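For reference, the structures are reproduced in the following blocks.
What follows is chain A paired twice: with chain B in the first complex and chain C in the second.
Moving on, here comes the complex of A and B:
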């Protein structure tokens, strides 16, 4: 299928317009759903709201605080005190004739739109980098990025139209805000806005602890630059060119920008200090920071709440004997840490992809996962459509995700409402979900590595031809 | 199920597995299955149908799984005095009704008086007989979601009477409910007999010492149907509304604030007496199906069946499809099975699976009825209301063998009925926890035989097993064809070629969803419309929406040019995957619906091919294939399925518009009862049928 340049240009012009139409319609769709929020009753679904992200718990915490009690009293609220001061007043304000929590929902819609825009920004940068690298390697001859998919637009739309994101937004869980923090950290790192990257990372870690793992990819991003094929490839290409000229020495190592990284660490400390001071101020009367760490991070790490969710921990820790509990807690949490280093070594040339993998893994092994986490990593995955075009089992995975997410409410209904099923039904579903996620992560990584290998092959062929 | 699914989906994985590594055995098996998918799909589908036909043979005898129940182990304590109490109540009501015409509340008062004389706490409850309204968002929400307190006129309300006996050995945290629906205005004479039985029992229970669960006797006002009053009482029992209803103000009978409760309901029995028995013995019909194919625990059913057969000598029956009893093909199948069983028995005397053809016929007629009423998803009696609150309940419909006015036999009848209920209540009274030992998911083939979920799932699994296989093999074919067709690397999205087909499948499912919601809006159209008119409205809007979809999204339409259209193999593969997911989901929500749906959908999805291809090739085989797929697609349309099933049940001819009206009424009953079958038809069956139509007329 060949198109003339005029047609292409016209299509290029049309594309942003179409993107905005889709983005706006997703916002409209959210607004329509919000007006039915009472009927949909998404906020009570275990898939959407976890003990950490439920807005009901936040409202309860705010109410306790207004009654001059510790917001953490009674093991109801386990989120950040800052979020309490930001969202808390909105939970009590009601506009007559409107569904309750309307203002909160609007905040979440805004957060979603912001995240999508930041994703678009990240995607555009990555797309440019992809084109540049392809041209450097001599795979792409034309100056225009013909044949490169607009990954930014795709990722933003995947984020906005993902049913998981919509469910989280309408279901009033605070995960849109957590996702916004994570995405802004990545955006800051990609566009080299160091303060923003540090702020996003600090906020994300403060809100849900697990994004702390993103420190590694962000440092790589700031130190080495954007995602690129392995350095060896460039050296090979250079060698081919150099043989003709035989002048400059090939550098075997990529320069690491220590200065930016130190800059980043400085901002990281500064923002952490700010956040801690603010938290301490808001909790002075109620036990201070120690109480906060106990009730937020402690709650996440010790898995106190065993109510069912789509993760796999609740079932296990409901069964395990008390004297083994701490042992298994360590084993389960170390699982995430074990994977950090090998992945970081193998994928250090693709820090954004590394961030996606970290987020996906933490969403599998989280203590209180929700579909909001999947929404985040799925849209980050869409940033790499160019690299992952030949990912295997895409259809199988799609069907799996679809089937599992439809099956989950059915199993829950069977267990809780009908009483004909039991916890195993819902847990079986959770295991299936985890399996699909694992296959998804494994396939993405192997597709990415295959992509690199294919580049190498191409490159060596290319070199031979040149000789 | 899921393990099997994964196993089958394994094939999808193998499609582009790298050739360097030698595939693992399971992958090899997958490749083998895919490459021979036509053979295997025929084998599996046939095996599925065969397994379904075999179910009456595989039925097990029922047994009581919970040891605590100990049915029939205690001697009945029912005395003549108790029975004469019951007879007196029936006589009083009869006299009262002959003297006073149409004085509804007075009869309830009379019953209430009797109850309190026996030492029970009595109260009255008013309810509105408002019909079930269709609201699309209330489908899977909890039972408390429809507390609409509109302006209801004082003229129409019902009054339930309930009496509670507090258990001497209990702590008031558990109870057993006995329901006798009674229409005080136009109830027949037989209906009053159920009050007699219940009051005999109540009189006994008021003085026994072994009770550890409170007993609630609810006389439901069945003026507006059996189900509604029980549902209203249960809703008030479990989810009290604190808004003052209008009806409380408008009558002399002040019921406000008098509602009493007795803890969680362990089990409920609904007793009805109707019509004279056709047989020599008194007949007891047991109805167990609640909404969406849910069944009460098999133990409860067994206790009643055991006591009725072995202690009281009732003839126990469950519903069966009578027309099947005379069907010749089923008889032939039964004879074949009998012969095979005999041969097997001669080969090895331990193989005793053969049953006589007559038993087989009987069993399959009962099984068909069990499947049908579960698939319909409409409760077969007032017991259905209890299932929404996780209470096990069954309806016992007793038909005495004597005419209603025969005094002499009445005493004996009351005694036996009350003894049956006493035994059941005594068994349930022994329970320490809720029913959990026995099955919740089963099909009945006779009152004492059942097929459990583990057995009947096999038939379904075999039937749907070809779907993922064929989907995988078509996916590979389609992708290869697409790779050949496009040379532009930018357009060649290697593993993402299914996206276009998925778009089309999604669009049509969305359409199905909208069509499912349309009746809600059509019901909002002002003015009185006959069902026929409404169905015409529905059909017109749906088809115009379909046309709109085809116009706006050209790739969806079967009439598009070849360039726009997707590859039919990929489209069929995605369609089959969607059907597979839909059927598997439905099999968990309501197995019977999924089973019947699979019988219709699976052959249609497997057979359908673009008719142009077949006509072009002009070979006999492909022409037969084209004919078969056309027939299957024609039969697969929900309205035609409905017409055929109606035609089978009663031989009346239904043509044209009256059919539309009947279909509408049928669907209305489905959504009014919140049957998931309605959702299945609209959101799985209809879109898959449309997609098959698209494939059939594909411009390939």
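Moving on, here comes the complex of A and C:
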């Protein structure tokens, strides 16, 4: 027994060490790939760079701005003016003998590493909460969290070693920065750093609009606290424990921390004001904020660019009859909103998981999705390894993702470069990808609900035994 | 002799009549016709028809005209056109062989298809409307699809890169327009004698369209009188430039082909158009061993010597710096004695025509349907050293080049990828680009335009420019019927602002419009090739499949997710059933939902004790609320949709 403990302690010591080795090696791997970025040509892959995230378009916007034109003149750049002033100068600076955009790549590597670290922080918090809850429910006997997987380390490594993340980082798409904003918002909410949460949310919404849906999970996180099994279970357990001593009426409601939430809303307004003022300042000479909203959010919502990407809307709107266009635009965008409420009701007690589901759904129904969005939700998914161990179809889904990411370049090549295939080849691939994502989301939700059910069952059994 | 005198009589009468009118007032409409023939170094012959119709500023006749075509004058009046040029072209001007530095080859070569530019005399806000109306009017007038230039994606507003500097200039071109006789006939209708008489009678359709190049041009310009209340006059200049290959039994490959007008056109000139003030035929011979010619007696031997012979004695010979112009007046020819000029070569002769300082060509780079690059290559010609008109700034000899290019929106150009190589060495923008103006294209809204001025050292051998682009993806309805043929990028215009071409006649020439036109300094310019860009096509046959499959997938998502969310198992089901026995199914579900939202356990069915009236009032208020919500949404939708 003692020996066992010693081994465990050693392992505990080793584990962070191993984590750091893996993390550093992923950074090294990225740096190696960056030096071959010119040959890999990942930046022109439609799966990696969409009209919103392409660095080439950003460079064009910067050039236009330098030529004292609005960066939104023409229909090249659709990103944020802040990102333009941050990354723009880096696109023109070249170090002799190095591939172009090297500095940008380094920025993306840093963003990836930061995201991974924040994910690790989120994971550690969640892991602690999981352990605590399990002990409270009496499911875990030993004080040590034996059998609980270190979800933080796993999520961070999944993020760092996900081929999708690596492709986005090396392929010079701005999605690592968008992901960083999303993850920092979640990190802020999990660690109750309200200003950080608000800042992350505002930046993420400013960069790509869809993370606006995260307001709901973040408010839940701040109001109710971290992911936990449903409240009913605790009440049951308490009942069992305090049956004899029961004098106080058990509270049926979890306290909602209005103060923190109001604090959060205040910061949210403050940061949005800051961002808007900064954007207005950088665009005063040109069209101002109105042009910015038209060219960024308007472009996202009206799906003007029909160039192929990993989503399905480009082809749908290239083929759909013009008089149905606005109808379908509304239907598809509302599809994201439709699911917000049911999910929020059902998964109220698990706000982090709710955030993951929202991100996954918006990455399915996004106008211009890229694999960077999948990279984000896949690593968030890894935060819940403890809860989702019983997820169905995981091997099937893994094979599906693998198959799609291998077939997509092939189909694109056949259609665009060789001209031997037609658009349906690539579109079929995109439909397949959408299907796999849908199955993934549905199965995750189902697995999480089943987990809660299992907990309940376990708990009631446990109670009966105690009785 | 007697016959000749008789044939002269009507002419004399007419002339005296005209002189009488002319002396009466200067406000007279004038029409003149001319034909310039020029053998080209590569055994071809250039025929340049030039008709000028002048309507002087006048208000004496109101809206009536003697000679000037009414259709055109109405056009000018209605759309307030200050200057306009319309050209229909087939074939490409061969700058290397046919010349690039004389007035003929800088004014007349036009891009393939239809090119139209116009300057308007209207306020800024109305320029686009005027342009749109003008394109429609011209489209009807010339039986061509000029109305396609109406859409904002097909025209541009160059500020300085294209010749005339004006902010009210609009420029558009249709590279794919097929030019044929249905465009020539309405054009001929504008001439007072049509093609029935005079020089235009030579325009035999088969021979004109058999040529290697033909460009039919119409140029309008308004002349302000300067006097109060007099209005403005209009000058209509119509030219037709054809390059023909004379049919000869070749006498050796070195020998230039000999030709007659009748062999070139299959017709002869049988007399002048009686309405014309002047009708002349000119033959320009250039690049002849000049010093030899100078020795010859111009009156006797210049047109008939050991090297060549003109079949008819010219009336005048105008020497120019590098060429001779033989002038014929066709007033004295008639049906019985038609004018059939011929040129017979006796010795093999070789010459080269004058070249522009740089020869321009344009091509596409890259493969596949995703992206590519457009490259413009400027190569120094042999004549570069000889040319004057250079700009010596800071003791450096430089030559300036203007490049004007329109990009359709589906060619999404990345202007930051512009690379310039001078003599195969990459240069940064500031070194060679003196001025660059860009207006980027907006998807489905406007075409892009690039105006660029390069300042190159005189000793430059070659300049290469490349600019990358992404190919756009169009909506299924935006493809033309032959989608796989590809899309055209209109020609780029290369001009040399410091170089001007003109014929420099040694002696004062008569007031012939064509000669004054040739004498005028004109900007040296050349058009590049039209580029054909293949774009990826979607599957045209299966829009329904795409729509149904996509919608099915999303229905699947919605359904299955909702199913998972509201699934109940085991005890929950039983609990639900036991509860359901007490209450109505729907009511109970609703109360559960409310309880869920409030986060409270389900209340005891106290509500059942409520009076039915109260319940119904609650429901009705909910119903009213819902109706108001829907109506509000509908009103908002209506408001926003009508606002557009």
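One rule holds for everything that comes next: the second predicted complex is superposed on the first by the 464 of 467 C-alpha atoms of A that agree within 3 Å, B and C clash if a C-alpha of one lies under 4 Å from a C-alpha of the other, contacts with A are read in each partner's own complex, and residues count from 1 in each chain.
The criterion applied here is as follows: contacts are C-beta pairs under 8 Å (C-beta built on N, C-alpha and C of every residue); 3 or more make two chains touch, one makes a residue touch a chain.
Owing to the predicted nature of the structure, the values given are computational and were not obtained by experimental measurement.
In the superposed pair of complexes, A:41 makes contact with chain B only, with no contact to chain C.
Counted by residues of chain A touched, the larger count belongs to C, out of chain B and chain C. Within the superposed three-chain model, A:59 lies in touch with chain C and out of touch with chain B [touch as defined at top]. Looking at the shared chain after the overlay, A:389 reaches chain B, while chain C stays out of its contact range. In the superposition on chain A, A:138 makes contact with neither chain B nor chain C. Of the two partner chains, neither chain B nor chain C is touched by A:287. When the shared chain is aligned, chain B and chain C each come close enough to touch A:419. Judged by the touch definition given at the top, the superposed model places A:406 against chain B, while chain C stays out of reach. Looking at chain A, you'll find residues 417, 419, 435 touch chain B in one structure and chain C in the other. Within the complex, the chain C residues that touch chain A are 367-371, 409, 412, 414-416, 436, 438-445, 448, 470, 472-477, 536-539, 542-543, 546-547, 549-550, 553-554, 556-558, 560-562, 564-567, 569-570, 593, 596-597, 599-601. By the touch criterion given at the top, residues 44, 56, 59-60, 62-64, 67, 69, 73-76, 252-254, 304-308, 312, 314-322, 332, 335, 338-339, 342-343, 345-346, 348, 364-365, 415-417, 419, 422-424, 427, 431, 434-435, 438, 441-442, 445-446, 449, 453, 457 of chain A touch chain C in their complex. Those residues of chain A whose C-beta lies close enough to touch chain B in the complex are 1-2, 36, 39-41, 146-147, 389-396, 398-400, 402-403, 406-407, 409-411, 413-414, 417-420, 428, 432, 435.
Residues of chain B touching chain A in their complex: 2, 5-6, 9, 12-13, 16-17, 137-138, 140-142, 294, 387, 390, 440-441, 475, 486, 488-491, 493-496, 498, 502, 574, 577, 581, 584-585, 588-589.
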